[in-house]
Structures are given as C-alpha cells and as structure tokens.
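Several structures are given next for inspection.
Across the two complexes that follow, chain A remains constant while its partner is chain B and subsequently chain C.
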Partner chain A sequence: MFTKRFWIISCEIILLLLVFLIIVGPMISIFIWSVAIRWYWPNTLPQEIGLDYWLQALGLQKSLAIGAVSIVPAFVLSITIAVIVVAICMVLAIPAGYALAKYKIPFGPAILFLFLMPNAFPQQPIFINLLGLFTKIGLAGTVQGVILVHILVGLVFGVWITSATFKSIPVYLEEAARSVGAGRIKAFFRITLPLAAPGLLASAVFVFITSLDEFTGTFFIGLPFINTLPMALYSSSGYNMQFASVIAIILLIPSLGFMILIQKVLKAEYVGGMG
Partner chain B sequence: MAEKRLIRRGFSFPPYIFLLFPAVLFMLLMYGYPFITSISRSFIGKQGTLSLENYVKTWDLYLKDILFTFAVTLFSTSMTAVLAILLAVYLRFRTSVVSRILAGLYKMPIFIPFVVVAQMMRSFLAPHGILNLALARLGLIDIEQPLELFNFYGLTFGFIWKLVPFSVLIIFGGFQMIDNSYIEAARSAGARLFRVITRVLIPMSKSSIMVALVLVYSQIVGTFTLPFMLIGGKIPTTITVDIAHRVNYFRDFGVANTLGVFSYFLVLFTAIYYLRSSAKKMTEDQNTEV
Partner chain C sequence: MPDLRLRSIVKKYGKLKAVDNLSLDVREGELLTLLGPSGCGKTTTLRSVSGFVTLTSGDIYIGERKITDIAPEKRGIGLVFQNYALWPHMTVFQNLAFGLQIKKLPSDQIKKKVEQGLALVKLEGLESRYPRQLSGGQQQRVALVRALVLEPDILLLDEPLSNLDAILREQMRFEIAQIHKESKVTTIYVTHDQTEAMVISDRIAVLESGRIVQLGKPAEVYSRPANRFVAGFMGTTSFIHGRVKEIRGKLAVVAVNKGIMITGRNNSLETGQEVDVAVRPENIRFLWEGGQSNDSKKNTYEVRVTRAAYVGELIDYQLDLAGSLIRGKGEVQKKLAPGDKITITLDPEQISILKG
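Moving on, here comes the complex of A and B:
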C-alpha cells in the first residue's frame, strides 16, 4: 500500500513540475530577456543583467546606445483608446443585453446569429474589408478607425456578458417594484441596474483588456500611424528582443490580474475568442 | 408576459426595438456588411467583372498553405482535446495539495493575448532560446544543432500552450456537473477508471467538450498574430499570414478575400455546430425564464 501511494505522489509531482515548466518557461524567457544587457550564445544565462531597457522604455532614462524608444506615448494611446472603447461599448451593450435577456423578440435567432458569428468565423477577412471601406471614407490609419474596430471586437463579448448578467436577475424583483408604482425606467435604474453592477463591471473590464490587447484589427486599420502597445511590441520584436519583452510583460500584467480577479465567476462567454 | 405588455401599449413600438437598435445597426454596418463583401469580392476579378480568376490564382499559389493551415488546426485541436481531457480527469478525481496547486496554475495563460504568446514563443523556442539551451544543458540535444521550431511544431506548441488551459476550464466545468453518484455506481458495478472516463465522464459532458473543441478549432484557423510573428512569410505558412501578405504588399483584395472564403470553408462545420447549439441554448434559457 505504501509503495502504491509513493508512486502516485511521485507521478503527481512530476506532472506538476512538467506543467509548471511548460506554462512558466515561456514567461521566464521573456523576463530574462527584459533584463539581459549582454547575452551571448551559448551561455545559458545572460552575462550582464540590469534594468536599462525597463528604464528606457518607461521614459526614465534616455540612452541612444540600446536603440530603444520610450513606450510612454504608446501606453497613453492604448489606455485612451481602451477607455473610449469601454464607454461606447457599454452604452451599446447594456440596452442590447437587457433586451436580449428580458424580451421575447421576433427575429430573435437572426439577431443572436449576428452577435454569434464573430466567434464562429475568422475575423481577419472582416478587418481587410473594413480597411477597404475605411480607406474610402478616410478612417483608415486614424484613431477613430481603430476605436471602431476595437468596439466591434469588444461589443460581442459586452453583449453576451451583460445579457447573461441580466438573465441571472429574477424578473419578479423588477415586477415587485413596478407593482408598488415605479415606472419601468425607474424600476430598471433603482432595482435591476444596482443588482447587475458587478456583472456589468466585469464586462467593462473585459472589454478594456480586449481593446488593450487587440492586434489584428489595429494591424490592418491602424498601420502605419497608430502605434498602440501591441503594435510597438510587434515592431520591436524583430530586432530588439529586450524591448519587445518589456512590452510583453507590461501587457501580461493586466491579463494575469484579470484572471485572478475573475477566478470565481469565470465562464465560457468570457474566453470565447481572445487575442 | 411579453405579449400582454404589447397589447397594453397599443400600436407604439415595443421598447426592445430602441434598446437593440444601436447595437444591431453597429453590427450590421461593421460586421454584416464586410462579411458580405468578403464573399462577394472574391468573385470579382482584376477587370472588375464577375470571374473565378481569384479562385484559380489562390488554388495555384496557396493550396499548400491551405493544407498546412488545415493540418496545424487538426493536429493542434486533437492534441488539445487529449491533453485537456486528461488534465480535467486528473483534476476531477484527485484532491491533494498538488492538484490544488495545479488547479490554480493551469489557468494562467487563458487571458494572455496571442501577441504576447507569440513574443514568448519567439524567445522561448528560438534556435538560441531558453528551451534549446536548457535541453543542451541536460545533454538531450547537441547545442551546435538546436531544434528548429519556427514551423509546424512551434506553432502547435504555441496554440496548445494558450488553448489547453481554456479547454480544461470548460471541460472540467462539465465534469464537475456530473454527480459523484454516477461515478460511484459505475465503480461499484466493476468499471475501472478507464471505463468510467470513456463511458460516464465523456458521454455525460459531451456538449461542453464539443463547445470547447469547436471554439479551439475556429480560433486556430482565424489566428493571425501567432503564425505571423512565429513563421512569417516562410513557406509553408498559414492562410491568415497569406491574407496579410496579399493586402499589405499587393493591395490585392480579390485573392485576399478568396483566401478568406477558404478559411470560412475550413470552419464551416464547426461554425454551424456552434451557431446551432448556442442559439438553441439561448432560446431554451429564454423559454424557461421569461
């Protein structure tokens, strides 16, 4: 009996070690690169480490020798776009999510399909056709164009998460409020909205991170003028590993933070099609 | 309930029209319209007339890449299925310190965007990257001949790294819904672990396994960032990289859209399955709750 137990535990520890190395290995790799000043092959670890690239990237130090530029403007642009995208997305998604959750809608399946299609089919052809359209109306290569594309990517998740949130709130609460004289609008703002607040907040944070991380749409609509963080990562990825690693870590932090925050309520709707 | 409200309101528009209108209009303009043009433009040739020349050209130039995309997708999806089910089974049956650590650990990659995954893989899997250095240190490979991984295998590794955690999350969720009594009943009837897995766990959570794999499959076909940054223009590459190439270097929207239509074809069956099962699930929810 003891030996069987021993073998099971050994296997478990090997499994843990393997999973740990596979999951954390690539992360460690970019952490090492972000602090590597000199790293000549075939040394297993860098010969010289330091925070030079971090300081340079964050605009705290200026040195031409390491050939990197500050990412502060890209960071500010990414955050600005994400905030605007969240605001517009929620204004569109909250009413739509509420309607989908609380009403029986004729043509319901057709409307559901419209919001499900982006998860079912590749989105890249959509972006290149939007590029054609945006070029005609002067939105290609502009911040407004990029914001519109980010709204498109975020809206689908926004609508599904808000709709799931509203569905989870029992109908009788709102009806009770209306039976004592509150109007439909008052009942919504006084009863349903406060109850839905945590779910709506989660959906807003999710849309924010989706916008922060969005690459493909920005690549087609925004290039070469709109330099968000993922674009800055991509353009330095070819020739400056340290700099690209610094940006990758900066983008990694909100993703891991959101993961920890959302642990308890993680559902398939949240993870449908990231990246 | 809903009908009664409508009658009371007489001829005025039902409120959901106003609630839905902005979002639906946005989706029609920003998704519906480009989706239709992505198909229609593939049939328009260089002279602006209806023709199949884009299809002929795509077939001649990119058949290999279309097959490559299909191969990567099938292989990565099957690997993801096997690994995710095994890990979910382990987490379902084992309650120990190790399994609790694993349950926290495996979720880390779920929200990491593909652009960051791509950068990680680029540095991790590089010929002089940390993986090759570590394997050489362990004496498993010759450091002068590192593994070349910016190809099919590296791409598959990247997809599995990001998508197995996502699948485990959904499949493990399905396994948790199965009551212990079913498993105990099978066990007491003499079923061994393998039979419990194949006869009880997998059949009873078929729908969550299918949803996970369908989403994994269509995500792999549609992902641009990872193959673009890992393989780039090398041959063979994926459809998504070819589309970007066609648009950025040639402004050739005809062939680019034809490649897009081929990628729609690759996901046709999974898309139909996903749309049907999601729509069904949602209308069922509405019927029970309204």
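Moving on, here comes the complex of A and C:
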C-alpha cells in the first residue's frame, strides 16, 4: 500500500516543515510582538494589537514607554556607516583580492589568514584593547572609530570573496585581451572586472550586512555616543519587547533584500572558486 | 609578412631549464609546428614569443624588430588558446570587435571585418550569440577569427584542437591549414599530436627537454628521424637493439640478437657502435607466397605472430623477430593468428638506424 516513494516524500515534507519552522518561526514571533499592544500570560495570542509601536519607533507618534526612542536617526546612522564601510572595504579589497589571486605574493596565504584573525578570536578582548588605543588617539566614541572597527570585521569578507572571485576567472581570458592589444588596465576593466562583478557584489553585500549587524565592536568603541540600530535594539530589548521586535524587523529588511539580490546574480561557479 | 627569429632563448624556472638555448627561424608565411610531449618546453617557447613568459636570456625578433622586452599587447601577435579563451560576457561580435575597437577603427569598418572573418570560417549570422551558445568547434573558429581579424604579423596557436573530439579535430586540421594558406600569416603551431603536425605543417620542430632535436619538413622528420626520441614520437615505431657490424656506403649492417643482421640506412655510423634499428609497420612487407626463409642478406626474416588485433581497416600484429617484438600491420583479408609463422622483408632504404 505505502510504497517506498510515499515514505521518501513524507520524510521530505516533514523535513521541509521543520526547516520552515526553524527559519520562519522566530520571524513570526517577532512580527506578532511588534504589533502586540497588550499580551499577557496565559494568552496564546495578544489581547490587543495595533501599529502604535511601529508609529512610535518611526517617530510618528510620541511615546512615554521606557526604552522607546525614535529609531529613525539610528537607522540613518547605521545605513550611512554601512555604505562608507562598504566603499572603503571594496576599495581595499578589490586590489588586494586581485593581487592575492593573480600574483605569487610572498606569504599570500598567511596574509589571507591575517584578515580572518579579527573574526577567529573572541572579539571582546580585541575590542577592549582597541578601546584603550582608540581612547588615546581620540577615536573612541566617534563615528570614524566605529567605521574603522566595522572595516576590521568586514574586510575578511571583502578580501576573501574578492580573491576567490578573481581566482575563479581564468588567467587566459585576460591574456587573450592583451593579445588583441589591450593593456593591463584595459584588460582588467573590460574583461576581468565585468566577469568578477557578481562576486564583487556578493562580497559588498556581505560587508554591508556585517556592518549593519555589527554589535560587539560598536558597543565597546561607539557607546554611548554612537547609537546604531543594533545598539538601539540592545537598549530597548531589556525593557520593551515590542520596540525590540520592530527594530529587529527593520534590521532584517536590507539583509533579506540583499540575499534575494545575491541569489539572482551570484553564480555557483564563483562560490565554487572559493578557498 | 615578416619572419620570426628566436635567438638562443633560455627560460629557467629555478634550476629547471624549460627552454634551453633554443634558436629557430620561422620563415615568412610559413606554418611551423613545435611538436613534443608535455613538458618539452613547447608551450613555454610559445608563451615567450607571445610575451607572457619573460626570458632568462636570448632574444626574439619579428622581422628586424626586437620584441624581447616589448609588452604582449604591443607585439602584434595573434593568439589562439587551447581553451578558446572567448570572453563569456561578450557576444561573438563583441569578441571579434574588441581588438579592432582598441585599434580605433571606424565602426562600419569593424562591422565589415567581423563579417568577413565569420565568412572565412562559415559562421555567418552568429554575431549575436554568446560563446556558451556555440559548440566547441564553433568557439575555436571564433577564437581563430578573433586573432586573424587584427591581421597580426605572427599567429600563435597553442594546442588549439586538443579540446575537440576526434572527428571534429581531423576536420579542423584541414580547415586551419586552408585558412593559413589563404591568410599567409607566419604561424607557430604547438601540438603533441604528430598526425596533426604532419597534416598541418610546412615544417616541424621536434622538441625534447627544451631543445630542438630535429627541424624539417614533415615527411623528412617522419622518414628520417634524427634520433630514437623522434622516431619513437612519430608514428608507431619498434626498436631492435644491436651493434653496427659493417658499413656499406649508404647502408649499414647491424647485428641484432641470435646472429640476425638487419640492413638499414647509414646515418653517419661507425662500426661497433651500439644502435637501435627503428622498424615501423609500413616498412614491413609480408611475403604471403612463402618459400623464402631467413636471409639476412635480403633483409628477410621468418617471424612468429604473438598478438593479432582486428582494428577495422587493418590487423595490428605483434611479431617476434629473433626475440625482439615489433609491431606490424596486415590486410584484413589475410588473417594470421597468434602462433602462426610468416616471412617478412624490410626495405633497407626505409629502415633508420639510430645511435643510442
């Protein structure tokens, strides 16, 4: 009666549902929280729902609740920092990634590994030390200081992904360009760069999202003066679950958008060239 | 069309000499093949001409122009790669037009040249395709045209057919030979396939360990190999070891095992020298009538068949000639089985005797 095929399909459906639950479950929870005005035990769903907290968070409605601040400035600050971090990271990562991929650089793998370091150790000790240094040179509590920290954390994605991307582009394509009369620079901009574009975009997106979500470094270097979205989330989460949920959803939006973009543009071959 | 001259070029990678003091003149309008197994230095030689390998020493000239230290893009050399190297993000038209645009040709002229180029390889109408939409053979034709539309002084082809399947490869050999005849561009062709080299070349340079061991017309290199390496690389060659017994003018008699003598061409040999007698299947004539026995004076020997394989147009034999195994080819109509005995004769004029 029940064939092997039936069992396989059943297992697949159960597995899919589980995955769906794990990924989407928390999102549903924060979405409900963000519109819950009154939600007390033992009720399964909120007793009263509305957009009050959304309006307060977006600064459209005054609020006296603890932990409730307009998150618009924090949002603008976060995006601004992320854009600057991406720009600087890519300016550094494209030449560095290209050089590491195409030339025999002494200690090349070691250099690549070095970029991984800030993410390979527990971050707190690194940033506490960095705070001492930044305080001395006047970078603590400044936007510049926070940008530097984000670059430190984000550069690993920048350099690793760009170098993997450039490595996946065969050298003979550039040689072919030179054989028809293109100089090094023209060959790079007309052949290698367009072919690398999806990978470079992916790397920029990773850096952007890393910066947008960066917490530890911003916490040590930036607070209390630099209030990015994750900082706002942190400050409100202890007091006001609804506010925290609104911020969490807002933080999710760019990430989701970029993920869709990457999936559309990024080809498997670029990922295949990594490592 | 200018000629191309390589003057004592050397390329060392650490201690390894990839190209070892190699000199070569490629004549105007000639198609010269660098032939050799992988690692013989043929690709390094080609890449030093194209400018992607910096020489350790030596010089390269196109006509009177010394190009040793000139950047690849300024050498005026067309390149065809083994992997076609078409730019995947560009259409066929864009691939072909790229070099012409760099030359700053007016767009109507570019269009005309691209059309002519595609007509040359019978790919008209494919301008707007992307490389991935073309077959391997079509891609290689486009790659060839990409190099030719720029009317280069020198054309370099690096194993251009080795990624194609056997049937297409044979067809493309003739096409490339034909296109070369029409364009008359001085060409270096790199391959490890001796049949390809024979079909396509005006002259062949056989390379071994970074040196040219023989340079000559295909028939010359094939029928008069300079040494055992060349003989072994060209065609199916069996070697019988022996010692020169006697020199008779243009011929030499070699004593091989069991008192057998084989007469072959004298290749500036001396009596007593240790040599290898090179026997190719086409040098062996089967004496089906029988009645002739072992007679070293007539180069006639009784051999035993040790293996027979039917390969369609002929039968591939392994024959035991006084303890040495040689390969032979026989007609399909007269089949011999392993264990059969047959008398064969070797034409002394065709037998090469090579110094060890």
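Operating definition for what follows: the second predicted complex is superposed on the first by the 223 of 275 C-alpha atoms of A that agree within 3 Å, B and C clash if a C-alpha of one lies under 4 Å from a C-alpha of the other, contacts with A are read in each partner's own complex, and residues count from 1 in each chain.
The rule is short, and it goes like this: contacts are C-beta pairs under 8 Å (C-beta built on N, C-alpha and C of every residue); 3 or more make two chains touch, one makes a residue touch a chain.
Nothing here was measured: the structure is a model prediction, and the numbers come from that model.
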Chain B versus chain C as contact partner of A:P194, first or second or both or neither: second
Chain B versus chain C as contact partner of A:R178, first or second or both or neither: second
If touched residues of chain A are counted for chain B and for chain C, the larger one: B
Touched partner set for A:K186, first chain B, second chain C, both or neither: second
Touching partner for A:I209 - first (chain B), second (chain C), both, neither: first
Residue numbers on chain B that touch chain A, as the complex places them: 1-3, 14-16, 18-20, 22-24, 26-28, 30-35, 37-38, 41, 90, 94, 96, 98-99, 101-102, 105-124, 128-131, 133-134, 136-137, 143, 161-162, 165-166, 169-170, 173, 211-212, 215, 218-219, 221-226, 229, 240, 243-244, 247-248, 253, 256-257, 260-261, 263-264, 267, 270-271, 274-275, 278-279, 282-283, 285-286, 289-290
Chain C partner contacts - residues on chain A that touch it in the complex: 170, 172-173, 175-183, 186-187, 190-191, 194-195
In the complex with chain A, residue positions of chain C that touch it: 50-52, 71-74, 77-79, 81, 83, 85-89, 98-99, 102-103, 146-147, 150
Chain A residues within the chain B interface of the complex: 9, 12-13, 15-16, 19-20, 22-30, 32-33, 41-42, 44, 91-93, 95-96, 98-100, 102-105, 108-109, 111-133, 148-149, 151-152, 155, 159, 167, 171, 184, 209, 213, 215-216, 219-220, 223, 230, 233-234, 237, 241, 244-245, 247-248, 251-252, 255-256, 258-259, 263, 266, 268, 271-275
